[in-house]
Amino acid sequence: MAIDYIYPDYEIVRNYDRCINCRVCERQCANEAHEYIESSNKMVSDDSKCVNCHRCVSLCPTRALKIVKSDHTFKTNANWEGKSIKEIYKQAESGGVLLSSMGNPENYPVYFDKILINASQVTNPSIDPLREPMETRVYLGAKPSKIERDENSRIKRNLPPHVMLSMPVMFSAMSYGSLSYNAHESLARASAELGILYNTGEGGLHENLYKYGKNTIVQVASGRFGVHKKYLSSAAAIEIKMGQGAKPGIGGHLPGKKIVGDISRTRMIPEGTDAISPAPHHDIYSIEDLRQLVYSLKEATRYTKPVIVKIAAVHNVSAIASGIARSGADIIAIDGFRGGTGAAPTRIRDHVGIPIELALASVDKRLRDEGIRDNVSIVVGGSIRSSADIVKAIALGADCVYIGTAALIALGCHLCRSCHSGKCNWGIATQREDLVKRLNPNIGYKRLVNLMTAWQHEIMEMMGGMGINSIESLKGNRLMLRGVGLNEKELEILGIKHAGE
Amino acid sequence: MKYVIIGNSAAAVGAVEAIRKNDKEGRIVIVSNENYHVYSRPLISYLLLGKTNEEKMKYRNDDFYRENRCELKLNKTAQRLDIKQKQVIFEDGDAESYDKLLIATGSSPFIPPVQGLDKVKSMYTFTTLDDAKALDNALSENSKVLIVGAGLIGLKCAEGISKKKVEISCIDLSYKVLSSILDDEGSEIIKRHLQDNKIRLYLKRHIIEFKENIAMLDDGTEIPFDVLVMAVGVRPNISLVKDAGGRTNRGIIIDERCQTSIPDVYAAGDCCESMDISSGEAKVMALLPNAYMQGECAGMNMSGLDFVFDKAIPMNAIGLFGKHIITAGTYSGDVYFETDGKNYKKLFYSDNKLNGFILIGDVAKAGIYTALIREKTPLDTLNFELICKTPGLMAFSKRARGEMLGGIKSEAVSS
Amino acid sequence: MREGMFRNLSGCAISGIISKSGKRFSGQRIIDSITVMHERSNGLGGGFAAYGIYPEYKDYYAFHMFYDNRTAKKECEEFLEEHFDIINLSKIPTRKIREITDEPLIWRYFVTPLPTKLAESQLDEREFVARCVFRINTCIDGAYVFSSGKNMGVFKAVGFPEDVGYFYRLDEYEGYCFTAHGRYPTNTPGWWGGAHPFALLDYSVVHNGEISSYDANRRAIEMYGYKCTLLTDTEVITYIIDYLHRKNKLTFNEICSVMAAPFWSTIESKPQEEREELEFLRYTFASQLINGPFSIIVGFEGGMMALNDRLKLRSMVVGEKDDMVYVASEEAAIRVIQNDLDKVWSPKGGEGVIVTVEKGKI
Amino acid sequence: MKRVYVNENWCLGCHLCEYYCAFASTNEKDMARALKGIKISPRIRVEEMDGISFAVSCRHCNEPLCVKGCITGALTRVDGIIMIDKDKCISCYTCVLCCPYGAVSPSEDGAVLKCELCIKTYSRTPMCVKGCPNEAIVFEERGE
């Protein structure tokens, strides 16, 4: 046997005083980290199999389990940290590209955490959301370019295609295939109940979920999987995915072994074939090509649906966004470099792209400077973690945010970042039937509804504190923000003052 | 409406509870030839064993008659029916008129005519509480007890007195114990178990003559005894109906509404004979669940509803010295058999139906088999191979399970 | 420190009077009204807008200017001469009083765009004038246009409003509509340009409140070519009104439905036609919704509009007597000049009161 | 009346219902203390095979064969709930013979085991329902 260079990162600690040998840990671990030893009437664990997903910890009825970070260590080295060394061991053994899941975990600045929100004192009353109406409804879509009146001088109601949301949040693109059916159903049902939208991602739309079309964004990505007329016309909006924050410049790859049954049918590709989404759209090599696709999709749906163009936040994002805003797109979605993924090359995920806060601030400013901000709505994603992040994003200039990871966490995800293994113990990022059923959408959708309802309340509280009772008055209201610990350049890009100013 | 019920056991209770569901007003008169609050007869062996007491033996709580507004007449024996006048005439000369009458008179022990029996001073039967009390009084340490009959009554009696430091012998005409409910192999297991529990068995024997305290057997064996228990069987108490001209056979003949051939006269429980749907034959099925359900059926019909009880089958649940036996139905057809020496299972099936079963030892979930017999469930609608090995709902279709456990019907579309 | 260098928060008193029949009356009345609300000001700013005061020059834009110094004046006048035909120029008459100090140079010009320049610009006349105003205010250091409409003028200064009125000899002007403002800023600017009303072309705004949507409004309006140099609510509100009324041709009723848009729940309860119209306005002009407490009186050519924020977080009372309509922060400020009112009421939040002079009466 | 319903689509076969059931009957506060070292005798039991699993407990039938068959009167139907009087039960197993769901279990404790919807415990919701992590077991009012 070859030398195993890698000591497990985490250790399973079992309190034998509390363990009653119910074996739920064993039954629930798809990684088979737990085992019951009949002869000694004892549970044992194998740390090397543990991905630290907490399924066993959460289900253990006597709280006999916990997972701790191993204190096993390499010799201290500020340059060569254990993580780097381990990655080299892995690659030296496999010869392959390192794969990771979920968002960038590295220690880059989180600008949201360096921005603080204002509140009213004395000169302007704060508003109590429990007593006064507090509006979080937003519309996404272009604004009418001019006001026209009919012969009776009544305004013609020539609104461009748009969508209405009860609050400025949507569930971001996560495909059926990367997510389980139950996860998708949870997202769809929650969206319907909440009056917001979810996004199919590039996996097509399962036939059972067409009934949630009013709350669905259908995605058209470079692989064009699952795209057909009914798919497009069933939706509230269509999203062209040009890029993803977790892996800008990289396509997608769902291995053939996951392309089974309904997934193959929904994606419209044969069972067992790899679903490869190329890095670029092979019919979009430039901005004018994008315009053609935007209008193709508009033609196909008779100009009734807004078209979203989603891009990853990269260095010249504002120029790109400006191009998109002139391409006929109604909504621009920008995905920051912390955005999640079901699988991405680690180096790409951790080193490519820019923070969403900066991207948003610069795009919003650029579009305003060019007088085209009304052409499009801006949706941002790529690690919105709380209602405060939402308030900050809106105040920086976003119309709405996309949440992906937060929604999955609501569904039970513990960010073990092992989605690519296909053995998600929480039934979210897996197609294994026994695991999929662990996510009961009746529970899942309620948890999503709860989370959004809670966030909505918090948004209202924060708005009320600022003396704002309608979310549109928060949009781009950067005066409501102050930076802490940011340098001049960062403040300039964010367009905010430093706290105390 | 005036209901009269003769008898005060399970069938009577079934009838009262059914009547009171439909008729809160009518008079109910219950007549018993015993002097007890309704009690469970099968518990008399447990009484002797000390597992229950007279208080706990009450089949229904003390408020039963009051809550159900029943007039209870104890120590009163019905003599005959005047079906023209719709009256019951009692031995003491009283009469009780009725609009609807239920005969729930049960059965009486059968005492075979054996030479010298009249000389035996200490002879007991074992079907009523008084029987049990009398027997209990007769026993003393080291008593030698001879039980005639190794059927359900005899063996439960043996178990009942087994803790009393007595010597127990049991004799039966048949070559096996529990011959009415067990097959040969099953019987053999029980036989060994009884012997392990120090019951002396004399099988395929009969008593030629009693000589005071000695039973002389056909093979010349002499069994000395202090106490004799006659438990060869029971006879349904049918005379009230028979004498009034109603149809009887071994038991009172009733239809599936528990009606006798006499208008407004119903019968239920051990005194009647009804259809065994597992065999298609009319039988006396003297067992408590049937008694209750027949009584219930009679009560329903007496109080004006149209109610059919057509699910009667022979069935038994009995424990002997810690070993449990559950049987039901008829032992005919193909056989599924499995045993590990301790546990024993035999299923009988034919024509896509389960006819009967015998379980000894592991009796868990036996009711699932019982239901298959009672409901005549087509065996090809379930995983028969699986259900033979492991009785459970797993063997049913998902849909059937959904109906049994709930929860699926409403979601059938989405999954 | 002056407006534009910081965001100045202030509470205030406002008052407005209009004659629906176009009858001109003395500015003394508005001084009397605002004087009553002395307590609502703190001496750091007062001002008036007066409509119908220049009938003899009614076809010319009346530019009221503050100059910090002569250089600024020279530079500005060069600019004006380059773009306009200057019909008349003079110092604005004032009274020297102890209460008003540190006055800048205060000049008035009646101008009309040079036809060649106007044609060259390919703009309509009013847009041309507005752009010139922005140009002066942002590019010429020390020069500030604080009034630029026709047949109207703004008069403002640092001081209590009654003193400002006296200073500017407002009692000597006659107009069909006056508005007034007394300021209570929470810090101490000393710049006259920062006083209110704020005006662009013939739109003038006096405002009591502190809007919480300020930066959202500002950043949105700046996209349409406005430059918010003062960072005041009044400035951005004026621009919004200019944008909605002059550029998008919305009626003042519609403008109310934008600036103090009804709640969605209210909109949804309306009959379909009205609902769709309100939805359209809220959708299209979401960034022009003004949030937070405000009461404003907008003066414009031939009319006056009063509006409260939709929660009515600031007081505002309206009174009517014959052809006169009075609006003020406090009822007392109306009663003092007209105790015998036909009608007096407090408009609901978001309910605009729009008074226009009967056609042809000016 | 509220009943326990089981939906096998969501049953994970985790067996937690059995442990929570056993825990409920101990009236202990802490499950570890209650069940440590014990072989549990739950009133609900999971059947599982080939990826299918579901829990079975008393259905509290409207026409309960176990009650009708009970020879001692230990089983009764009170407000729709089939209750067992452990004192009266003599473990004859007639109810085991009668129950079509296999939901009454033999036991060494001197009385048969069956679900009583936890009404004798502190829990208002049956503990199997509370303990089910996936709402495969629910306690609901449904049209009958």
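As written, the chains take the letters A, B, C and D, and residue 1 is the first residue of each chain.
We take it that a residue touches a chain if its C-beta (ideal position, glycine included) is under 8 Å from a C-beta of that chain, and two chains touch if they have at least 3 such contacts.
From a predicted model like this one, the values you see are computed outputs, not experimental measurements.
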Centroid comparison with chain B (C-alpha atoms), farthest chain: C
Central chain of the complex, centres being mean CA coordinates: A
Distance between the centres, which are taken as Cα means, of chain D and chain C, whole angstrom: 78
Distance from the mean Cα position of chain D to that of chain B, given in whole angstrom: 28
CA centroid of chain A to CA centroid of chain C, Å: 47
Mean-CA-position distance for chain D and chain A (Å): 43
Complex contact set, residues of chain C against chain A: 7, 9-11, 186, 209-220, 222-224, 248-250, 254, 261, 263-265, 276-277, 279-284, 286-287, 289-293, 310-311, 313
Chain D-facing residues of chain A, complex: 17-20, 22-24, 27-28, 58-59, 61-64, 433-434, 437-438, 440, 442-443
Chain C contact footprint on chain A (complex, rising order): 120, 123-125, 127, 132-133, 135, 137, 139, 143-144, 146-147, 149, 154-155, 157, 159, 162, 368, 371, 373-374, 397, 466-470, 472-480
Footprint of chain D on chain B - complex, ascending: 10, 14, 40, 42-43, 46, 51-52, 56-61, 288-289, 292-293, 296, 315-319, 324, 326, 328, 363-368, 370-371, 374-375, 386, 391-394, 398, 401-402, 404-408, 411, 415
Residues of chain D defined as touching chain B within the complex: 3, 5-9, 47-49, 52, 54, 56, 59, 65-66, 68-69, 71-73, 87-88, 90-102, 104-106, 138, 142
